[in-house]
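The two complexes that follow have chain A in common; it is paired with chain B in the first and with chain C in the second.
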Partner chain A sequence: MTKYVPSRLIRWAGYLAIAVVIPYVFVAPSSRLLVCTALIYALLAASWNLTLGFGGIFNFAHAGMFGIGGYAMAIATLKLQWASIPSLAFAVLVGAVVGGLTYLPVIRMRGIYIALITFVFVQISYHLVLALPDLTGGSGGLPGVPAMTIAGQSLAQYGGLGYLWMLGAAVAVLLIVLELIMASPFGHSLVALRDNEQLARSRGVNRVRQQFIAFVISGAMAGFTGAMYVAYFRVADVSLFGFGLVTLGLSMIFLGGTKQIWGPVVGAVVITLVNDRLTGLDAWSPVVFAAGTIAVLIFAPGGISAALTRGVAVLRGRLTNSGRPSTSSQTPQRSVEHA
Partner chain B sequence: MLDGLVPVLVSTLLLGSMYSLLTAGMSLIWSTLQVFNYAHGAMLIIGGYLIWTLSSTAGLPLPLAVLLATVAMAGLGALVELVVVRPLASRPDGTLMVMVATLALAGLAEGAVQLIWGPENKQVQPVTTATFDIAGVAVRWTTVLAFLLAVGLVGGLMLVVNRTEWGASIRAVAQNRDMAMLLGIKPGRVYLSVFAASAALATVGALVFATTTTLTPAKGSGPLLIAFVVLVFGGTASLMGTLVGAYAIGFIEASTSYWIGLQWSPVAVFVLLVVVMLVRPEGLVRRGS
Partner chain C sequence: MTATTNQHVLLSVRQACRTFGSYRAVHDVTFDLTEGEVLGIAGPNGAGKSTLFNLITGVPFNASGGRIVYAGRHIERLPAHKIARLGLRRTFQADQVFPELTALENVRLAAHYLNGRRNSRSTALQALERVGLLHSAHLRGGDLSVLARKKLMIAGALVGDPKVLMLDEPAGGLDNDDQDDLATLVETLNADGTTFVIIEHVLHLLRRVANRMIVMVAGEVLVVGSPDDVLSDPRVIDAYLGESNR
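And then the complex of A and B:
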């Protein structure tokens, strides 16, 4: 294992370096808006993949935890008049609690029923927001969320420089944290439960405990992401719980690929860019977008990251074996989601 | 409190009829393929618009318009199975893939409806606006018609599934796919027919939907979610359960809207669903053969 440490450290340094450099590459306000949007979606998709991809749980509720985190941020800053950092911490805490609560009805369920009940959870959130207008602003939402300030400096000044750094650093840290989680015994147990629950349990893995922890962690991440979304776009409204966001997040994850930690990040960036191009098409854009998503699901199983890793494996095989394709490239890793 | 009983029951009859027509198809798909079709609500909306075009724009009499729309939608349902579901369902992670793909399909349908019919509200004129009185409450004859259609069609479907050869092949694939294949049943054909039947039933549900409320491109998600609730409530794989569940959910929705308030009714329905799933994950109505 020790021989991987340097390459891992180099990769992590690379993530952070990209986060530092981003604001100098993207200077125009429109491209900065696009990059911030992509980074927020990258946070959403990468944290979602912890339960969906690595946990193999049909968790559709992540979008709901994201939305609730966003509302927690808006309520803390607007109604309670809290400063940015405590509000952000509050949103993370709320996300974690909601993540834990969401898992409770999932305990007794398997497979497809989880998809149903977690989807229903998002809908309950949507209707609760509408039913509690005093707290949530109802269908009008909560506009006018103040820009995030850290140590007296607004992240929105200098053309959103602070947001770019903060979001870039958040994505880098999230990738590192997810990598550490997946390399830990906890991460291994999560994957074991996905691939062969009977075997994992017979080896002493507690399904409920491990998956509960995964929901709490991913809920906290979703809460953070929602809070950043609301702090950046300065409004919380019911579209946070919409059908559209669930579809968008899922297409990012599956376009990027669920097998690699960075896969959903790639998916998020690509889809944000594509969506931006599509806005010129007006009413056609959702049609083209959805058709593209379906085409990717059918024709590119494993998504971009699987194609990339396969390509890299082939290249490596060419370099080391002078032309002989390596065996790993011929058998792309596929795992059985339901045993 | 009791003075609201008649309007609530009438409303239950209408909602339950609509929900049973919508959910019967989902139950059929679930029992054979073990997936949920997230585009089912979109099918209802497209069916409704087709009926509107054929009756209001083309000027056909409503029954003929419904018949033509139903046939067209059955074709569209089969197309969805062929193009979107079939390539994905056989994968190891097929269940999840089909759900994500049909979710995307729902988005595609919404955009397409917006392009074809525009964002304005559309409403289908009912066959009759005549009413009759029950305890001083005016009840539309169309409500009775909706009830007859729902019970007739879903009941008819139950007969077909239990008595005909096609029904037997559906049940065979649902119970043991490999064994069914050994007996010469082609699962592909069963899936195709199930999707077609499901879309056709949704179109009749769309008639009830489009005559009682207005159609907009984005309206598919509401009925879809109610169909999920009905499906779970009644036991996912039983048509009888679907029928009972549909009227039960219709009653809960109608009574909570009437006595507690319109905005709380979806919350009540969904909370009930969570409770049902916790207590009886197999559904409230015991599963038949």
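And then the complex of A and C:
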């Protein structure tokens, strides 16, 4: 274990360093908009992967909790006139509570039934928004959400510098938190339940308890992400619960790959960039997009992150083989000489 | 039975039943497990042996009838994780592990949730050492050999010194040397005080390690007795050995 700690700390410092540097690399307003969008999607996809990829639970509710977090942010700032940080905390709390509640109806369910019920949850949220115009602004949404301010400084000033830092730091911290979770017995229990539920239960794992906690955590993360989305784009509307966001999030996760914690972040960045290039294609862009995702899934199952991990492993193998031969590669050579 | 009545009964199964629709997979099974013994269970495929393990350990289901008392406690309604935490542990047929977790993580997970979060790592390392897998602690479960995976499954069940280990066909799929290795492990753990129930098709292994044997046929207990008596019983030869003579 001790051997891994330094490399892990270096990697974490690297995440934070990238987050600090990003605003100086991307200076033009249009590229900053693109980067912020990519970072928000990175938050959405990476946190969604906790239940979807590591938990193996077809949890569509994550998109719903994103939307609910966004509305919580808009309502707290606009209707309750709360400051940014309490509003953000409120959105996280609401996301966590709703996350826990959405697990209740699917407690006894597996696989596709969970997908159906949680998807219906997103649909219900969509229609609730329209049915409660006094609270949600109905189809007009809640525009005019104030820019986020921290310690009296608006994140929107200096060309959105604060947002870039905040979102970059949030992605870095999220990756670190997810890594800690997935290295803990709790994280292992989610993987264990996914891969062999009976064995996991007979090793003392209480499935309902662990998955409930996972939904609460996932809800809190989605609530945070939704709140950041609304604070950045300054509006909450019903598209937060739209089908487009669900498919976008899922393509990011599967394109990036579910096995690595950072996989969905890569997926989010790639898809946001590609999406931006494709805007010229108008109605064709979703088609090109879907086709591309399917192609990746066919030719690189496990997504970009799995392909990258494999590539690095192959390179390392080559290096060790040519440089200093490893014991495993010596053994066959020796047996050939003796033969 | 008379010889064992004054010894400590750890597990007492009375008229245990399990039906699937109208099909009676296990019917009216009654037996006692005495502290320190190795009880073998044999019987043809589909006899209900694994189902018996399932309903005792609550995974994936409880009994549909009957009483099961473990260490003085009724467990027939308890969920699987609670039964396991009481110290009644099992393995599964074949070689089931969590393939993406390392051997240490496989066992540490069990230590954490069965034995408490304190010292889960050292508890896990201890269990790995007892089954002889310490050197593979950092290999992924999916990368281990069949024998190592079977031992890993035992190590996961072994954390924090359970009273009873129930092994479902531990020798299945192993060659003779590995079967021997596994029998030695059972003998060692038994000598250290662990009580065993072992489902096994490899009858010479049961003959070697078991003190007592049950043969099940069609969901019911056909014969109970010493391995030698049971294996020479004409009813057993008829029902079981006739089908797959080893």
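Simple rule for what comes next: the second predicted complex is superposed on the first by the 322 of 339 C-alpha atoms of A that agree within 3 Å, B and C clash if a C-alpha of one lies under 4 Å from a C-alpha of the other, contacts with A are read in each partner's own complex, and residues count from 1 in each chain.
Quick note on the criterion: contacts are C-beta pairs under 8 Å (C-beta built on N, C-alpha and C of every residue); 3 or more make two chains touch, one makes a residue touch a chain.
Keep in mind that what you see is a predicted model, and the values were worked out from it rather than measured.
Novice: Identify the partner contact of A:L155: answer first if only chain B is touched, second if only chain C is, both if each is, neither if none is.
Specialist: Neither partner.
Novice: Does chain B (first) or chain C (second) touch A:A115, or do both, or does neither?
Specialist: first
Novice: I'd like to know which partner A:A172 touches here: chain B for first, chain C for second, both or neither.
Specialist: In the superposed model, A:A172 contacts neither chain B nor chain C.
Novice: A:A76 contacts which: chain B (first), chain C (second), both, neither?
Specialist: neither
Novice: Going by the contact rule at the top, pick out the chain A residues touching chain B in the complex.
Specialist: The contact residues of chain A facing chain B are 58, 105, 108-109, 111-113, 115-117, 119-121, 123-124, 127-128, 130-131, 243-244, 246-247, 250-251, 254, 283-287, 289-291, 293-294, 297-298, 301, 334-338.
Novice: What does chain B use to touch chain A in their complex?
Specialist: That would be residues 34-36, 84, 87-88, 91-93, 95-97, 99-101, 103-108, 110-112, 114-115, 221, 225, 228-229, 232, 263-264, 266-267, 270-271, 273-274, 277-278, 281 of chain B.
Novice: Which part of chain A faces chain C closely enough to touch in the complex?
Specialist: 185, 188-189, 191-192, 195-206
Novice: So in the complex, which bits of chain C are touching chain A?
Specialist: Contacts found on chain C: 57, 59-60, 79-81, 84-85, 89-90, 92, 96-101, 105, 108-110, 112-115, 117, 120, 153, 156-157.
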